[in-house]
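Chain lettering (A, B, C, D, E and F) follows the sequence in which the chains are written, and residue indices restart at 1 in each chain.
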Amino acid sequence: MSRLTHTDEAGAARMVDVSAKDESVREAVARGRVVMRAETLALISQNKAEKGDVLAAARLAGIMAAKRTAELIPLCHPLPLSAVAVELALGDEAVEITATVRTTGRTGVEMEALTAVSIAALTIYDMVKAVDRGMRIEAVRVVRKSGGKSGDFAQD
Amino acid sequence: MSRLTHTDEAGAARMVDVSAKDESVREAVARGRVVMRAETLALISQNKAEKGDVLAAARLAGIMAAKRTAELIPLCHPLPLSAVAVELALGDEAVEITATVRTTGRTGVEMEALTAVSIAALTIYDMVKAVDRGMRIEAVRVVRKSGGKSGDFAQD
Amino acid sequence: MSRLTHTDEAGAARMVDVSAKDESVREAVARGRVVMRAETLALISQNKAEKGDVLAAARLAGIMAAKRTAELIPLCHPLPLSAVAVELALGDEAVEITATVRTTGRTGVEMEALTAVSIAALTIYDMVKAVDRGMRIEAVRVVRKSGGKSGDFAQD
Amino acid sequence: MSRLTHTDEAGAARMVDVSAKDESVREAVARGRVVMRAETLALISQNKAEKGDVLAAARLAGIMAAKRTAELIPLCHPLPLSAVAVELALGDEAVEITATVRTTGRTGVEMEALTAVSIAALTIYDMVKAVDRGMRIEAVRVVRKSGGKSGDFAQD
Amino acid sequence: MSRLTHTDEAGAARMVDVSAKDESVREAVARGRVVMRAETLALISQNKAEKGDVLAAARLAGIMAAKRTAELIPLCHPLPLSAVAVELALGDEAVEITATVRTTGRTGVEMEALTAVSIAALTIYDMVKAVDRGMRIEAVRVVRKSGGKSGDFAQD
Amino acid sequence: MSRLTHTDEAGAARMVDVSAKDESVREAVARGRVVMRAETLALISQNKAEKGDVLAAARLAGIMAAKRTAELIPLCHPLPLSAVAVELALGDEAVEITATVRTTGRTGVEMEALTAVSIAALTIYDMVKAVDRGMRIEAVRVVRKSGGKSGDFAQD
């Protein structure tokens, strides 16, 4: 098992020091999906959900949440995001969510991309939960990361 | 497909009016998991993650996020939560997260429980991502709901 | 000039005590408009603004801001809003904004309705400012208020 | 009508990418006014409003709101503001508000200046609404902007 | 040593369940002081601090912070505050701060009163730190509490 | 008494302009303590407080609050913090709190360090207040500061 060099011996939480890192352009892409019944997907595609336009709301909620990641995740560094996009696609059994986040900063933006996906997913859930109680949020993960010293990364 | 009686004809988003509903005790339980490598789970159980005590941080982040649900999810009603608990269990391939939320209010607290699970999951992710880039957040869903007019509900 | 009975002699700011007031259903409606060029209105109605769907974003931003009024306006009381709606209409020279807010609480919701209108207006401004630098937000005011002891109120 | 080069074909909202822009000093000045009865203005100038010192509260609320612009306006970029000032002047029929915001960043600060003006105006409204129900917020606009590639700009 | 009946055996943090408690009027008064040099106090009393009106800013910052207590203190319950007042007095060697908070709710408001005192103290510190680096915040404590089942309480 | 060169003649509050300052690495260390009964300290060291793990919660709450300093303290500049650590030590009559904050920015981070100490102290207070009503937060002060033009500084 990897031994972490910066570990506080007592295991106390702290924000890792990034002041020695260089500022560089960093990007992360995260994905996830909200699995639901076909009828619920139809409701969304026809924009007939009780609370209104589901996809527009999810997109905006995801973007806004990305900007507040450092408030929500205790040890995240605040970062000046230079771009956030949330894309939504209706599949056969799920709404597929992709979030892309970019910054020029001293640490990466995976958490921002994952937070955008998670809050977009919760917003979709909220807007159609009155008609579908069995929804599940699945497969929230980072699919691509670039910039920074730890090297680029990609997975499905 | 169910026709939603309160649908704004144009599909515009709005916060559903709950002023005619009675205040009652309402509870929701949500669950989810962060799937990761066995080595990463071992790191957490030995409290050796670089950023510190993973489970304590995830628990608190989940509780704090539940209180901010109405800020994050655009059409959620602000609710005076009377109790929030986040439980974490280390399984064979995942950290299992359970959040329980209670209120005395005019609408349910599923979204608060789901938000607690999601942010607890993201916090776990953040704290061990330096050693495991393949983690996934899976199966975030409501497992129990009680109180309110729509009746009780339970699923796995 | 009306002498205010509860005035702190020294003029120091404080949140007025509402603990002796009864909880009742209270509603307020506020209005305002963003005056702009006809070409900019056309851009919005065709959903061609650079930043995307202007009306959906303004609606959601207004609703979300209403919920945060007590954070923004120093002496506002936090209130559990039971409904918020933001309606937008394209006129000849302006986007007309109407916000309706309802609560069951100890004080009125004019400030919440006005905040919803103001932030919806700023969101519209933000989304089309790249093509129209001369926009103005005008006539933000309360047009109707009901509930509470001070009596109902209406104006244009 | 100007065709916007970066438009998402489907009109979906997103935060415009500013990562290729240079950091530079940027400034914006916005203005607006709260129109009210002469008696209400006298109350403010004598610091006799029920909720206390109106001008000090409005100034601070405006400054604090400028710092939270990116939380309120969905597609605004978070920016490290280097200066914010809110000036208030009592006219014959209105409190005149001027906000000046400066940053060293990759995008302008009009929205921050407009947000400062709007929240300062709402704070004034809140503090004297008990004696004047007919107030209106008028003429909220950018009067000067400098820095950045789009060139300087000034209007009344 | 008192054994706490509701203790989670494993010591995990959680928000104590208050749903069985009755709503009642509850009040708390907290106090504290910012100890500083006589010259610094003179600067404040003459309103000559570089950043402007120190007492007005501290009062408002304290009131606004009281409303956000549940966001800052992880296990605090969100409460609909019905009144907040922050009083400041210039002593011989310190600014004395008193905060009074009232709610009609299911749990007490000591934390809200203490938060108001602490943030008011920090605001004073911030506004005069350019001329006095030796300031200290001292004696932040609850001096009175009433309402609720645990009985009234008072101390110096 | 020092005459402050940048004073607004009328004493109106404003955020001091730092745009002409250089970005540099800046660090501040603040300290404070929560004085309590020996029995209460024992409760904390044995992790038997009703609300759970006191030290982990205080550490995280302090770190999270440091990131929100500019929201709480009206005239603070928002800063991209590069590191925050909160250390807690159990003394004979108090929990001793030390917060260290680092940034690469245009202004210092004393307020962030002091805010971390204050909110960590309030969190400790909150978690054990059920068994000790006489606690006091004492001696919150800056003990070291480095970086920036005003020179380094240290005190006890």
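Here is the rule we use: a residue touches a chain if its C-beta (ideal position, glycine included) is under 8 Å from a C-beta of that chain, and two chains touch if they have at least 3 such contacts.
Predicted model only: the values in this text are computed from it and were never measured.
Undergrad: Which chains are shared contacts of subunit D and subunit E?
TA: Under the touch definition, subunit D and subunit E have C, F as mutual neighbours.
Undergrad: How many degrees of rotation carry the C-alpha atoms of subunit B onto those of subunit C, rounded to the nearest 5?
TA: It works out to 120 degrees.
Undergrad: If you average the Cα atoms of subunit B and of subunit E to get two centres, how far apart are those centres in Å?
TA: Distance between chain centres: 30 Å.
Undergrad: As a quick test, compute the distance in whole Å between the mean CA positions of subunit B and subunit D.
TA: That pair's centroid distance is 36 Å.
Undergrad: Calculate how many whole Å lie between the centre of subunit A and the centre of subunit B, each centre taken as the average of the chain's C-alpha atoms.
TA: 15
Undergrad: Give the residues of subunit B touching no fewer than two other chains, as numbers and ranges.
TA: Subunit B, residues with two or more chain partners: 12-16, 52-53, 56-57, 59-61, 64, 68, 74-75, 78, 80.
Undergrad: Can you name every pair of chains that touch?
TA: Contacting pairs: A-B, A-C, A-D, A-F, B-C, B-E, B-F, C-D, C-E, D-E, D-F, E-F.
Undergrad: For subunit F, which residues count as touching subunit D in their complex?
TA: Those residues of subunit F that touch subunit D are 12-19, 70-71, 74-75, 77-80, 105-106.
Undergrad: Can you list the subunit A residues touching subunit C in their complex?
TA: 52-53, 56-57, 59-61, 64
Undergrad: Over in the complex, which subunit E residues touch subunit C? Could you list them?
TA: So the residues of subunit E in touch with subunit C come to 25, 55-56, 59-60, 63-64, 67-68, 78, 80-87, 102-104.
Undergrad: Sort out for me which residues of subunit F touch subunit E in the complex.
TA: 1-4, 6-8, 11-16, 32, 39, 42-43, 47-53, 56-57, 60-61, 64-65, 68, 72-76, 110-111, 114-115, 118-119, 121-123, 125-127, 129-131, 133-142, 145, 153, 155
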